[in-house]
């Protein structure tokens, strides 16, 4: 499966999700979710804990089975594909758990990211996080929370992904690291679309082009213009 | 107890421990990566032994037989993985236990069908003995131990120096993250399963000259392999090595002291260790996916 | 009046099942039915452990042997009353499961299965070699002639033993149904599905599991004791690891965790065994492939698949209008 180019003809739309319904076992988590992502957008997903934000990202990335609905990237259907095939298509999921492969070194973690994508340009990805350059030989289990988050993102950047699905990146991190990540996301946006699930409203308001608010498994609002993307507006939907 | 008796006891224990180790690695790796209990490894052990027997009969060369045993065991495990295990990876642990037990029992039936129930002897490839501290020690047993250490070194190199091995170690920690990097974990599972099967086949082939080959041989070592795996802890190669040799020595030296209890001593040790560490010496906790 | 109706509702399933079994006495050979009954009691323990508590045990032969050898020792060396013998067998099972239970039950499910199997192997070895002095090793203990005639039901006679077996099976079934319906039964299910919730409710997971373990394995020992009296003979074969699959297969065949699964499974299994062993001598081949096939095809088993269907059939009158999709109904 060749990596996808940026933009589908005409619409500028990279990812389209229609009528997504997902269950965990017997309990339904997502109800008729519709959203779309443009090739150069930063889209944020906000909502309370348990609203279904992670489930949404996981479903798009191929880690969960859908009850019904379609997910297309540049008109190519993603539903039913294996998660690793979707990753190779240029859609990378960065999970919430801040877990890296602790028994492997930072370099080996990157090496695994390079294996499938054939992109061994570690300098490029660590340029975003210069701190990692000094930590290449360190076992990833000894990294701090912030360093681990950086490694996870760096790893995902290998292979020039077109879409990054990032799950609560700033959770539990110090403000200085959060601002660093904010700038990194702006930089990344020049080459890729970002979907960021976040509880950190100031961050969202600073960088997001559009915001989806999720409540109890449904999209309850879509904020599409700069004026309405304000913390007090977002809070209303939580 | 004389030094000679002790020496031969230790060597015996080392060789039997080596056999246990080769089989336990398979169980441990399969659990660590795929979160399955692969009881059918004992079938590949029997397959290795029986192929060694037949090929030795045909070619006259036991080492060729062992090689053949390893290859066929690998092929059989590949077939089982593709046909059966692939469908049950996401299910819970007990599922794989029951299914693999079915494969084991069914496989024993297949063996009975082709080879009958009469135990078969396999000649020892080297009848030479070497003198150590005044004891005559069979060179073959020393070779078995040497092979086990070579395998350990090989596995270590594989897991630490090859990208596939690193992917497996990463997968043992978190398969989903490995998937997310675009790596085909399904293929990783198959590779691991074949390695496990081949190693079990090697164990069977090496063990064959030391015992009689019979259809229920897998069931006879079953308990010991389990105890090794439980004591060492599922998912740890180092733990498997250590506990394999502990169990080997206990069985061997124990039988010099008081034969009937020797077979049961590992069981007692296992219980003791489980009392203190319910996941074994180096076991990894069962991480929920 | 209401109490009688309730009692009937509670009992009718069990009474019907065993009435049918009793009736089959007219058509089927006695040894077959007796074997089915004892075997289903044997499986009941395993089924309860697997279906309700979520623990698979490959070591059921260990507890079967505990019961069988307990009874055998008594009848061979000490006395001749088969009832006492069976009681001793039950107590042996209680003792063994009480001793290993506290440790085994702490383990997670895979270790639990393996450790039980190791126990079965150890007991096999014990009976075959270590204690061969008193167990007579592979030759086994023969005590058929020792069994004295007893009033009411002379267990030495097959006909009477059959009646005894039916009564015992009935009692066992009633007991397990009672357990199912009781708080304890609910706790067992809870401990399988959601440990943490159970803890928060104030119950001890460990305690529930230990009690279930002891109950299940004592039931198994009872089956062993019955085998001993029925056959008048016990040998280490009864605990050979090759037989470890039997109760598991039957449990799954019949349907895990259902009340009648073990009975249905035992009938199917024993029936198949007779037929198959006449056709192909290779029992392992058959049972292995059967097990794999069942696991891949669907783990509900025969009864497990029938049961929901039968339930729908019988409760059609009580059917309520289908509830709308709960959460989705909210606007």
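We just call them A, B and C in the order they show up, numbering each chain from 1.
The rule is simple: a contact is a pair of C-beta atoms (placed from the backbone, for glycine too) under 8 Å apart; a residue touches a chain by one contact, two chains touch by 3 or more.
Given the structure is predicted, the values throughout are model-derived calculations rather than measurements.
Taking the mean of all protein Cα atoms as the centre, the chain whose own Cα mean lies nearest is B.
Ranking all chains by how far their C-alpha centres lie from the centre of subunit B, first place goes to A.
Centroids built from CA atoms put subunit C at 32 Å from subunit B.
Per-chain Cα centroids separate subunit A from subunit C by 52 Å. Annotation: 42 Å between the Cα-based centres of subunit A and subunit B.
Interface residues of subunit C, counted against subunit B in their complex, comprise 50, 54-56, 58, 103, 106-111, 113-115, 117-119, 121-122, 125-126, 129-130, 241-242, 244-245, 248-249, 252, 282-292, 295-296, 299. On the subunit B side of its complex with subunit A, the touching residues are 163, 166-167, 169-170, 173-174, 176-186. On subunit A, the positions that touch subunit B within their shared complex are 61, 63, 82-85, 87-88, 92-95, 99-104, 108-109, 111-113, 115-117, 155-156, 159. Within the complex, the subunit B residues that touch subunit C are 31, 37, 84, 87-88, 93-95, 97-99, 101-110, 112-113, 215-216, 219, 222-223, 226-227, 229-230, 234, 260-261, 263-264, 267, 270-271, 274-275, 278-280, 286.
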